[in-house]
Every structure is written in C-alpha cells, then in structure tokens.
Amino acid sequence: MTPLVGVIMGSDSDWPVMGAAAEALTEFGVPHEVSVVSAHRTPQRMLDYARGAAARGLRAIVAGAGGAAHLPGMVASATTLPVIGVPVPLKYLDGMDSLLSIVQMPAGIPVATVSVGGARNAGLLAVRMLAASDDALRARLERFHADLEQLVLDKDAALRA
Amino acid sequence: MTPLVGVIMGSDSDWPVMGAAAEALTEFGVPHEVSVVSAHRTPQRMLDYARGAAARGLRAIVAGAGGAAHLPGMVASATTLPVIGVPVPLKYLDGMDSLLSIVQMPAGIPVATVSVGGARNAGLLAVRMLAASDDALRARLERFHADLEQLVLDKDAALRA
Amino acid sequence: MTPLVGVIMGSDSDWPVMGAAAEALTEFGVPHEVSVVSAHRTPQRMLDYARGAAARGLRAIVAGAGGAAHLPGMVASATTLPVIGVPVPLKYLDGMDSLLSIVQMPAGIPVATVSVGGARNAGLLAVRMLAASDDALRARLERFHADLEQLVLDKDAALRA
Amino acid sequence: MTPLVGVIMGSDSDWPVMGAAAEALTEFGVPHEVSVVSAHRTPQRMLDYARGAAARGLRAIVAGAGGAAHLPGMVASATTLPVIGVPVPLKYLDGMDSLLSIVQMPAGIPVATVSVGGARNAGLLAVRMLAASDDALRARLERFHADLEQLVLDKDAALRA
Amino acid sequence: MTPLVGVIMGSDSDWPVMGAAAEALTEFGVPHEVSVVSAHRTPQRMLDYARGAAARGLRAIVAGAGGAAHLPGMVASATTLPVIGVPVPLKYLDGMDSLLSIVQMPAGIPVATVSVGGARNAGLLAVRMLAASDDALRARLERFHADLEQLVLDKDAALRA
Amino acid sequence: MTPLVGVIMGSDSDWPVMGAAAEALTEFGVPHEVSVVSAHRTPQRMLDYARGAAARGLRAIVAGAGGAAHLPGMVASATTLPVIGVPVPLKYLDGMDSLLSIVQMPAGIPVATVSVGGARNAGLLAVRMLAASDDALRARLERFHADLEQLVLDKDAALRA
Amino acid sequence: MTPLVGVIMGSDSDWPVMGAAAEALTEFGVPHEVSVVSAHRTPQRMLDYARGAAARGLRAIVAGAGGAAHLPGMVASATTLPVIGVPVPLKYLDGMDSLLSIVQMPAGIPVATVSVGGARNAGLLAVRMLAASDDALRARLERFHADLEQLVLDKDAALRA
Amino acid sequence: MTPLVGVIMGSDSDWPVMGAAAEALTEFGVPHEVSVVSAHRTPQRMLDYARGAAARGLRAIVAGAGGAAHLPGMVASATTLPVIGVPVPLKYLDGMDSLLSIVQMPAGIPVATVSVGGARNAGLLAVRMLAASDDALRARLERFHADLEQLVLDKDAALRA
C-alpha cells in the first residue's frame, strides 16, 4: 500500500526512540515508510525527500532528531505537508536542546512538536491528522481512547484492592 | 460557512497573541471560529466543547494558554481531532512554563506544539493539515512558500544595495 | 471511616512516588482514599471526582502527576477544596516540567505545590491543614516535630563521636 | 476580630506583590493581619512569630519572599500551621530562584507553594483551607467560582461579537 | 576585491545584530559580502550558497540566526569551510534557544559558535582564522590586542582618578 | 585545640559531600568542629549555634545544604562571621535549586558560595580567610599551590609520553 | 591608609554594579582600592595584580565580571588571598552565565561567590572576613545587624499603620 | 613534523573527552601536540603557552575545560590564533556551566565553541580552518563528507531492509 506517513530520523541510533512512532501507525493500520535522512550529512537528499513527499502520496511526515535538531524544521521548509517533530534526547541536557531546536521555528514554517522522546505521540498525532478526514480511522481512535479510559479504571481498581 | 478550525484561548487577554492564528486562517480562506474557553474557569464547558468539536464539523483545534497551560492538553483528551497548542508567554519565565506544560503530554494524548507566542504558525499548521487532503489549499500554500522565498530575495537585494 | 483526604494520581506508575503521601497520612491516623484518576485519559471522571469530593466528606486532595502535569490544576478547577500538587519526575527534565505545569496556575485557581517527588510532604501538608482545626492532630504534629528535632540531635552526636 | 491568617513578607518592597493576598482575604471576609518579618534580618523574631502563631488563633500563614527565599520554609519549621509560600520575583532570574528556594523543602517540613508572583492565589488557597471546615465560606467560594465561569462566558460573547 | 568572508543571516531583521560582524571585518580590511539567506524560506538557495562558497573564494562564513536557528548548521553541512554561528536573541528566551540550536551540532559537522548576540566576535574570529596564514593580518590583530589593553589601562586610570 | 572553623550540615546524609571540607581543614592543620544542625528541624538550635559561634572562638563557618537550602543563609543572619555555603546536590535538579537557594541572598547578609558539591573548596576558602592574617598558614597555602602546579606538570609529562 | 581590600572589575561599564562593593567598604571604614583589571584584555597585568596583592597588604579581593566571567577565578588562581566573585548581569541570560562561570570553580581554587549583581554583599563579606580578626570591626558589624533589624521593625510598624 | 594544532586541557581527567579531538586530527594527517595546561593551577604557564603558540608554528588551539571553564577564553586572550573551546561536562549540570563559561566571551576575544563534549567536532573545526588555505586537506574533507553521506545511505538501506 502507498505509505501515507513518512517516519524519518537522522541516524539509525534514533530508532530505539523513533520506532514507537512506526509502531503506533501500525496499530492503527496506517501504511507508512521509514527512512534515515540526515539534515547535516545528506542535506540535498533531505530536501529532495521533502519536496517529493506530497507527490508520492504522503500526508504527513514524522521527523526525529537530537541536539541541534534541524531535520524537522528543514523538512518543513521544503514541503507543505504537516511535519511532526520528535525531540530525541541525547547524552547531555535531557533533550532540552532538541526540544528548543525543533519547536522554536520562525513564523511561516511550523513544526508540530511533541514531547522529549515522545515518538509514540508523534505517530498518534499523525493518526489524528489522517482521521480528521477518515471516519473509519476516527472510529478506531475513539475506541483507542475508550481503551485508555478502561485501562485507568482497571488500574484504579487494582490500586484500591 | 461551517468553521473547519476552532481557535480557543483561556482568556481574552490571550487575544493579542492568538489573533495571529485567526489571521493566518483568514489569509488562506479557511472558515474558523474563535472562542474563550478556560480549562480552569469553565472545565465542564471546555470538555463539552472538545467532545462536540468533530461532530460540529471542526477538523482541527488551535488552543493557546500560558503558565500552567492546561487548555490544549485537556481539549486533546476529549477529542480525537488534532489539537495545536500555542504557549502564550506570561510576565515571568518567558513562556518556558507554558511551553513545557503544553508539549510534555503523556503517551496517548499528543498536542502539536508550536513556538512560544507562535500563534501564526499554529494557524499555518492547521492549514497544512487541511491542505493534506485539499489540493486547492495545498496550491495556495505552495504560492505562500514561493512568496516567502521571494521576500527573502528582495531583502537580500535591499541589504546588498 | 470516611476518608478525609483523597490521594490521586494519573497512573499506577506514579505509586512508587505517591505512596509516601498515603504513608504519611497513615502515620497520623488520617483516613484517606487512594485512586487512579487521569486528567488526560479519564477527563470526565476526573471532573466528577473533583466535583463530588467535598460532598463525600473529603477535606483536601493530594494529586500527583508528571510532565505536562494537569491533574492537580484541573481537579482544583472543579472543587473548592484545597488541592496539593506533587510534581512527579519523569525520565527527562528532572521534574522541572512537572513542577512548572503544577505551580504556575492562573489567578483564581491555586494549587498548593510541594517539591519534585515530595509526596511525603504533600501528605504532611494535608495533615497540617486538618490540624489547623483539630487540636488532637496538632498535638501529634508537635510530637512529630519534636521527634525530627531529636533525630537531628542523635545524628549530631553520632557524627561527632 | 481575631485574625485567622497571617500575611508576612521580608520587606515592605514585597508589598506591591503581596498586597494581593490580603486583598483576596478581604474579598472573602477572612480576618487577617499583615507584617514585615524578615528571615535574614530578624531571624529570632521570625521564629517567635511562627511559634506563637497557632496560639494567637492563626489558622494559616501566607509568606512571600524573593531570591534566596527562606521566610516561608523557616516559618514552616517553627509552626505546625499550614504555610503558603509566594515566590516574589526579583530583578533577575524571573523568580526562578525564589520558586526553587521555597518549593524544594526537605521531607518533614512542607510549604504550600503558589506561582511566581501568585499572591492572590496564596490568599485564595488560605480561603480554601479555612472553607474546608466552614460551610458558609465554602458557599462563598462556590459563588466565586461561578462568577469566574460567568466572566469567561462574557468574554467569550464579547470576543465572538 | 574578492570577498574572503560571507556574512549571512536569515532575515534583514537580524542586521542590527549581524552588522557588527561586517563592521569588524571592515576594521581589519577583510573583503566580505553580506547576504540574506534563509534556511527555512530559501532552503535550496541556502544549500547552493554553501556549496559554491569555497569555489567563489570565500575562506569562512559567518551565519546568524535566532530561535530554531538552523542556518549555521545547515550551511556547515554543505561546505567544508569553517562556519561561525551567531545566536541571535529573539523576543523570548534570551537567545538560549538560538545558542543551543547552533552549538549542539552532531559529530561530523562543527559550527564555531560565539556568544548570544556576539556578531562582533564572529567577525573577529574570522579575522583570526585568516590571520593564521597571513602575517600582515596577524600583526594588525596584535595591534588590536595592544589597543584593547591600553583601553583598559585608560579606564583604570580614569576610575582611580 | 579550640576549633577555628565550624563545619555544619542539615543531615548526616550530607556527610559524604561535606566530609571533604573537614578533610581540607585537616590537611592544613586548622582545628575545626563538625555538627549536624538543621535549619528546618532544629531552627532554634541553629540560631543559637550561629549566635554563639564567634564567642566560642570560631572564625568562619562552612555550611552545606541541599534543595531549599536555608542553612547557610540563616546561619549568616545570626552571626557576623563569614559563612561559606556548599550547595549539596539532591536526587533531582543537579543542585541548581541548592545553588540558587544559597547564593541569591538579599543585600545585607552575604553567603560565600562555592560550586555544587564543592565542599573541598569550601574548606580551602576557610583556610584562605584564616591565612590572610596568619603568615605560616599562608606559606602552607603557597606550597599547596606549588604542588597543584607540579601535579599539572607531571600529568602533562605523562600525557605526552 | 594602605588598602586592605582590592575591588576590581573587567571594565568601567561594571562600575554601576560594582560601586556598591566600594560603598559598603567605605561605610565600615575599610581602606580599599578600585581598579579596572581585565582577565581577557590585560591577562598578564591581571596575574601580576593577583600575585602582588598579598605583599601590598591586601587581605581580600572583590572581583566582578559578566558573561564568561573569568576574572574572579583567574585572580584566585594567582593569589592565596580570599577572592569574592560578583556575577555581573549582562544584557541577556540574567547573569546566569556570569554566576556559573564564577561559582563552578574546580577543586583547589575556590571563589567566594555572591548573588547576581550582589556587589554590596561582596563588600560586606569582605568586612566579615576582616572582622573575624578585628574586634572593633566586628562590633560595627553587630551594630549594622541591629540597624537592619530595627529597619524591619520600622517597616513593619509602617505597614500595619 | 611541526605541530599545527595544539590540543590542551586542564587535567588528564579531560582526556577521555578530549582524545577525540586528537583522533580527528590524526585521521586527517594534521600534526598536533597534546598538553595538560591548567588555567587555574598553572596560570602563568598557560599564558606563556598561548603567547608562544603562533611563533612555534601552531595555527589553531583546541582547548577543553569543564565547570567554570576558563582555559579556552584565557588562552584566546593571550594569542591571536583561533581558539576552539570544548565544554567538558562534569558530574552535575550536564555541561551547561562549561558551555556558558566558554561561549559567552566579551567583545574583542572570541572563542569558537563546539557542543558539550564535542571534542571530535573541535578537531574537525581545526581541520576546516587549515583546509581553507590547503587544497589537499580540503579535498580530504570533501571525501570525509561524501563518506558521511554514504554512511547515512547504508543505514537507510539497513533500516528499510
């Protein structure tokens, strides 16, 4: 199936974090592709990836990066698709550098930023975007929310027991 | 026309920041509504707003809040629509409290966070989301990007002159 | 016995931190209840919990949450009881996000915030609130303070030895 | 009338911030007293104030301080009453030093901390504490919450107009 | 004369800060060019600028940017010239976001980062780089240092007077 | 011998950090005493300790504390001796709370603050204070500096080897 | 009279902050000298100043600097006198850079750091150091503390009036 | 061969970080020397090292330091060579103190700062500086960039497989 979401990251060392985005998309049956695309090591390829994304059928891009995290913002500069940025925490600074490098984009080029290390939520945000014009997917999201609620009720019962 | 995007904020004092989101939507001809909805002062009304949003035809919600900024995340908890959070800076801490309160959502409930005070980008992000399944809107976004590019070229020429 | 204090948290994963609040209440013989109530996964149930709390006899609520920690503030928005917030530290940022999300409440809706991970102090703060109109409990608090003092004297003696 | 709440601060220069605590208490008809008590310039007097507070009929203390803000915590060390700390922002650091100096109390001695500059909320928190055992005061708090809600509705109507 | 240093910035609004880099180069008689080149609004043009820089005779590039400041790092990814990054402070966060976005580059692609708003030092750093293989320029730098020293001696005399 | 320096801390759990202050004093043959004195658990005893310190012959006090670290500042408020504060890092926040709580003292009551966990330097600072009026001690400090210098030379030789 | 304290700063632009250190010394009748000595612009002169300080009769040095504030630590490296560091706040970062650059000295070379902009306290700390071996000066400090206390009492009376 | 780059650090304990700078220079065949030179323990030797560096043939200096990291800036004050600063992270504060102490240099004396722990990039930055006037070295850098690019392509292929 044609992928609807691209999940990209600057290095395969980001995969332990970013894998959760792909996993969330799989849970919701959203076809997606996964690539290593580096803003700093393959800048032209990154721009080409971003420019061709919409034409290839992508509807959203999830991009993870750490430190001076330029991948999400640069991809957003070369596509009109919504780009979701995941601040990947590095060894120092607890991802605060990653977060600020991704979220503080200048007027004109937004990046939809999620929490430090929040790749699962990035995947779910892509699902929400797609579900806004896909009733079947929205129904699945509603069941997912109901399941989250039930999980809390179960934990509550277990804690009180 | 039925609004496609809801722009909400906790107080009318957020309007000087949040107005830029509405303005961006207007530039792109996206019908939208504006409301004051407070997580802390009208909690039930906020949940009701969020729950009814999709059924009323909204496709995305832009929510701005400052300090212990709970509005975007709470709205996201009660709708499956994508929610875009704008950290509104208050008098102290330069919006760092607002940013962290919005972006650091737990797994399951994402908020698409933009920069501190970045309401214009929140509006543009909503446009990107809609444009992903609306070719006419995407074409307008592409002209917008071309205009941004031209603006830089003009400034460059002026600076060199 | 009717519980006087409600100890709530967004997930059972907060229990290793939040258990210390319940333990402090037990030490002082204050009847209390413990629940998992999630602002983001069970928003309506959370509001209902908060709204019914006073009528069920609660006199204070201790709420712990991490990251974009909305539980204490949202509960405070739906009850007039004093709400004590415990910033639970997550994997990154050392609880600074939790702290700011809880303490920086807007005018009108206060949350009594304690230190990062300070659930024991949250329990003790609830005891202080109750003791302000309960002489027997205040006497117990005074003995507790005397014991803390004695502990320091003992440690001093041991260190000098 | 015997004051039920003591509002203290280290210097009269804190009054522009701390006055809002007294004002909130006045709005709710809660008798209170106001004093300048300095942890660093009148340490013994501060301890004496704290020790005598309960016997004089106080039921809560609101203490504001800035920078290395020791007043709330030191007062809490010498009374069993609940102590509410207000981080007063100074010229530099936006009150982050004040906040951490107040909220990060060690186990055993809690301080109920409110937002940077949040003296109004400190007053309201004292009202909540008293209202937990005073039905008339609780009813007033409920009207106050209803008024806050109405205010949001009015602002919403005005913004939409 | 062929420019040896390129001074670039994302917008002409950065010029009040970045002008000091050009001024320092002028003081030392180093031929240079000034351009507006935006990572986010003209990404392809930025890469082309970087790729062609060495061939056009540039020996160093000074790049200023603010917020999610990607220009210096992206330029460094597409040239082997030394790139000097100037964190331009924006309205909020005092340039901390700009600093971290520039300095925290991943292994392989360094950016020589100077202080927040430190465009003058960026210019001087370019001079040092050139002077390392240009004895006349080094001599000028040594006079410059001697002048700085004399300035301090003069200020010292004035203060003591 | 009458102790010249008092080394105090709020809990014996601070000893693994604070022991290095005592050790430095021992290395220089400075008689000193060690005590557990808690600002929050033994406030009156702390004031009494501070008030009597000069009369007992102390010439400086080294005080370590963590979190809302009030001990150094409160001791300084009740003595005219120089007080050296050591920010003890706790489990979260890396000692930043401890540092700000100690260093940001209001005008009138200074605390000589050293680095996070810098107890050894606190001891050495006390030695410097005493040595300013004790030529023999100053000579020992000078040998100590010479030894530090030699150590660097040895390490340099080893690294080059 | 031979100066007992040296007050130094990197530039005369630091004088509006650092003047308060000299003023405090004047209030206590402590002879002192004031100089502009720059770590970065007059490094050799700075080392020479530090090395000769004790022999010229100085008993303590107060050094103020901002940003990458190296003056206090470098002076401390070349003298055995106690060095008091004043973090001078610059235009950005509220003095946090100055504070960390001064206080985080490595083991072996302590700097007695005061609050951001706390030059008055630096002067008072020098007085405390001298007073530890000068009974007349200590008596003056005690009167000063009594005056501070009285000032608080007067402000308290005024506020209550 | 005469070293072209000096790699210095305050202590051999910095070597596990700083070794990567030397390694990068070795990879590019750039002759270099390695020394332990301490700003705080061997201040005169440090100044002498810096002053003699250019005459001995060095073209750039890489200096690493942690905490109140004064080595890079002080060396820069005594040479006109470009100085590259590496913030070495210590046990607390994740290198934020080191970063600010190095990067926030005053106007006149720049330090080319790289990321926290970024010694490899410091070496590569020195290579870029030398390559700006050495075509053979620049060609090697271009191959290095091509290799980085190929590495990303390989990782991408592996991830997709």
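We just call them A, B, C, D, E, F, G and H in the order they show up, numbering each chain from 1.
Everything below uses one rule, namely that a contact is a pair of C-beta atoms (placed from the backbone, for glycine too) under 8 Å apart; a residue touches a chain by one contact, two chains touch by 3 or more.
Computed from a predicted structure; not experimentally measured.
For the pair subunit A and subunit H, chains touching both partners: E.
In terms of C-beta pairs in contact, G-H outnumbers the other of G-H and A-C. Over half of the residue-numbered contact pairs at E-G are shared with one candidate from G-H, A-B or A-H, namely A-H.
In terms of their C-alpha centroids, the spacing between subunit B and subunit D amounts to 35 Å. For this pair, subunit A with subunit G, the centres built from the Cα atoms lie 51 Å apart. The mean-CA centres of subunit D and subunit E are about 49 angstrom from one another, to the nearest whole unit. Put simply, the C-alpha centre of subunit E and that of subunit F have 43 angstrom between them.
The set of subunit A residues that touch two or more partner chains comprises 10-11, 41, 67-68, 93-94, 96, 103-105, 108-109, 111, 115-116, 145, 148. Subunit F makes touch with subunit G in their complex at residues 54, 59-60, 80-84, 99, 103-105, 107-116, 118, 120-122, 124-125, 128-129, 131-133, 138, 141-142, 145, 148.
Put simply, subunit F touches subunit C in their complex at residues 10-12, 15, 33-38, 41-42, 45, 67-68, 91-94.
Contacts from subunit D toward subunit B in the complex involve residues 89, 94-96, 115-117, 145, 148-149, 151-153, 155-156, 158-160.
Across the interface of their complex, subunit B is touched by residues 10-11, 39-41, 43-44, 47, 66-70, 73-74, 76-78, 90, 93, 96-97, 100-106, 108-109, 111 of subunit C.
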